[in-house]
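Dropping the structures in below, format is structure tokens.
Each of the two complexes below includes subunit A, the first together with subunit B, the second together with subunit C.
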Partner chain A sequence: MEHAIELRNVHKSFGSFSITDLSLKVKKGFVTGFIGGNGAGKSTLIKMMMNLLQPDSGEIRVLGMNYKENEKKIKERIGFVFNDATLYKELDLSDMKKLIAPCYRQWDDRLFHQYCDRFELPLRNKIKSFSDGMKMKVSLAFALSHHADLLIMDEPTANLDPIFRREFMQLLHEVMLNEEKTILLSTHIMSDLSSLADYITFMQKGQIVFSKELHEIEEKYAIVRGKVELLDGDTEQYFLSITRTDSGFEALTSDYKAVQALFGNEVIIEKASLEEIMYYSRGGKADASIN
Partner chain B sequence: MLQLIKKDIAIHKFQWLLYLAMLLFFMLLDKDAIFIIALMSAIITMNAFFADEQANGHKLWNAMPFTRSEIVSARYSSLLVVTVISMSTVMMIEPILNGGWDVLIWKELVGGVVLIMLSGALCFPIFYWLSQRSVIFVLLILYILLVIAGAYSFYYLYLYLSDTLIIPQALSDGKLFGFGFVIALCLYMLSWRLSIKIYKNRGIL
Partner chain C sequence: MQILISNSSKEAIYIQIKNQIKEKVLSGELVEGDALPSMRQLAMDLHISVITTKRAYEELEKEGFIYSIVGKGSYIAEQNADVIREKKLTTIEEKLVEVIANSKEVGLSLQDIKDWITILYGER
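For the complex of A and B:
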């Protein structure tokens, strides 16, 4: 089994939003960062991967199995962290653990207490006295304490302070020392991914814009600035999106070398960050078609 | 699934003391056992629904190794467990307060079970249909009011049936309550299946 998650021709629609004919493979043993603006469909897709939402059509396989036949087996091997806390506020952490721990066959109590110590989580305080960041730490401790093969995290760092966000990323690095583990992490904070992710999947309006290796993105994507006169029907094909101003144009390309060869020193070319790729890709093309 | 039933019992924690105090209060007020059993079971179950809604419980338990059928079945089972706990507590306290059991208390116990099954059968599918929406909190209150109204309706219906000539001749109390129990059980089972169907088709937001 090469892929931890496989989606084939998945359709899902509600109201005006729809995901159409979406196919995606999340490689086993790697960290895949899931990026996209608000309403891009990241959470919907994650919920389908966890069987919280069912697709209208298409196939979803997780850890080589489908939910229809192996729902419990799959969920046994998934650790999850959602952006909103899923905790009973009137209980203390120790009570909460007593509810969750027996549900997993591979629950490791020693590991859970290690994480509680590390995150400085008080076992005897009620959850309602915890800050948002602490609740996220609790979710993370639960997700990591049953030796899950697949960690699915939906914007886990959104409510964390910068210090714990770093610790969190460090922790995920440690988790990934085990080569069997896979992490799928959706986030708005691109800096989280640059140090951690192996693959980046970019979603927009219910579609996958691209799903590529991070180093490939870093090598190939660039922001190009130059005079508007350089643009014509032929040269525009090298760009995914173009913004024209009075002083010139700014464009995003996914073919750094081709643009450099084409324009030479007539333009300024800078490597694009993930944030810039997201920004410039709004309404742009998924791929530049170069004839 | 057993773990989910345990969860439904455990999430109340110290509130069990409050439930016991309420039960004692109603018993001291000399309320009918049918009223006390049905009301206490409904309050405890409503609180479990409420806690799950507040804690994003649908998301939590559906992301864990449980099927939707198990999640629904656990709630239907835990209502019965809670009813048995309420019945047992009433049975234990009754002799202390009144010096012994009324020979007719069995009617009230069966009546309580029938009432809680009928109200659960009616309301649970609606709760699963409207879960994760804010209107659910209003419906949970209505559920309690329905049980209270049901307890009184049950009482007056029994008086009416007893006063008519046909029913007492045709059916003994045993048969009447047995018949009521079987009907309530059948409706409860049907509702159980319906809730599973509704919940399986629901997206968890």
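For the complex of A and C:
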């Protein structure tokens, strides 16, 4: 099994939102960062991967199995972390654990207590007294304490302070020491991804814009700045999006080498950050291939 | 094995790793049979993605600096004497170019440089 998650020709629509014919593979043994603006469809897709939503048509396989036949087996091997964790507010952590632990055959109580220590979580305080950051840590402790092979995280770092965010990233690096583990993580915080993600999947308006290796993005995409006079019908084709001002143009390209060959030293070419790629791709095309 | 990477460098991180390991081999700090940290361990230590270290190791392997045994790890390969000589010659050439550029800046002639080198060479 080369892929931890496989979506094939998935369709799903409700209201004005729709996902049409979407296919996606998440590589086993690596970290995939899942990016896209609000309403792009990331959470819908994650819910389908978790079988919390069912596609109208298409196939979803997780850890090589489908939900129809193996729902329990799949779920036992997934650790799910999301920023709005469903926890019983009136319970304390210790009671919450008593509810959750029996769901997993591989539950590891010792490991759970280690994480509670490490995250400084009080076992005897009611969950309603916890801050958002603490609730996230609770969610994380539960996800990591049953030796899950696949961690699915929906914006896990959104409520974390910068100090714990670093520790959190360190924790995920520790998980990835084991090459059998896979992480899919959606986020708005791009700096989290450059230090951890191996693949980036970018989603927009219910579609996958691209799903690529981090290096491929770093090598191909670039921000280009130059004089407006350089732009004409031909040269514009090298760019995905162009902003013109009186002081010059700024544009995104997905073909760094071609732009360099074309303009040489007449323009400034800089590495594009994931934020810049997202921002400039919002209009539509995000992967212009020039032939 | 110590490796220092710069996030603000123009050079891609996998290239920085590759070059530093190469330097350690050429300087003799790492020798044949020495084990490298696992790709995943190195990724964690350097706070970078696994695929970055994977790429660095793959390229080192392609260039003959290291070899990998599935399930065990990566090791420094036997170095070909000719290859090392070739690499040293490249380094010497680079330094000479630098010497010439600096000499021209302060107005030294070719003969001046030759004389100087003759004296230094004789002393060593």
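Methods note: the second predicted complex is superposed on the first by the 290 of 291 C-alpha atoms of A that agree within 3 Å, B and C clash if a C-alpha of one lies under 4 Å from a C-alpha of the other, contacts with A are read in each partner's own complex, and residues count from 1 in each chain.
The rule is short, and it goes like this: a contact is a pair of C-beta atoms (placed from the backbone, for glycine too) under 8 Å apart; a residue touches a chain by one contact, two chains touch by 3 or more.
If you're wondering where the values come from, they're calculated on a predicted model, not measured in any experiment.
In the superposition on chain A, A:I269 makes contact with neither subunit B nor subunit C. In the superposition on chain A, contact of A:L196 is made with subunit C only, not with subunit B.
Within the superposed three-chain model, A:I100 lies in touch with subunit B and out of touch with subunit C [touch as defined at top]. Of the two partner chains placed around the shared chain by superposition, subunit B is the only one that A:E76 touches, whereas subunit C remains out of contact. When both complexes are overlaid on chain A, the residue A:E174 reaches subunit C alone and has no touch with subunit B.
Of the two partner chains placed by the overlay, only subunit B lies in contact with A:L87; subunit C stays clear of it. Contact with subunit C, but none with subunit B, is seen for A:E213 once the two complexes are overlaid on the shared chain. Ranked by how many residues of subunit A each touches, subunit B and subunit C are led by B. Touching subunit C in their complex are the following residues of subunit A: 29-31, 169-170, 173-174, 176-179, 194-199, 213-215, 218-219.
Interface residues of subunit A facing subunit B in the complex, by the touch rule stated above, are 14, 47, 50-54, 71-73, 75-76, 78, 80, 82, 84-91, 95, 98-100, 102-104.
Against subunit A, in their complex, subunit C makes its touches with residues 12, 14, 38, 40-41, 43-44, 47-52, 55.
Taken together, the subunit B residues at the contact with subunit A in this complex read 3, 6-7, 10-11, 13, 51, 54-57, 59-60, 62-67, 201, 203-204.
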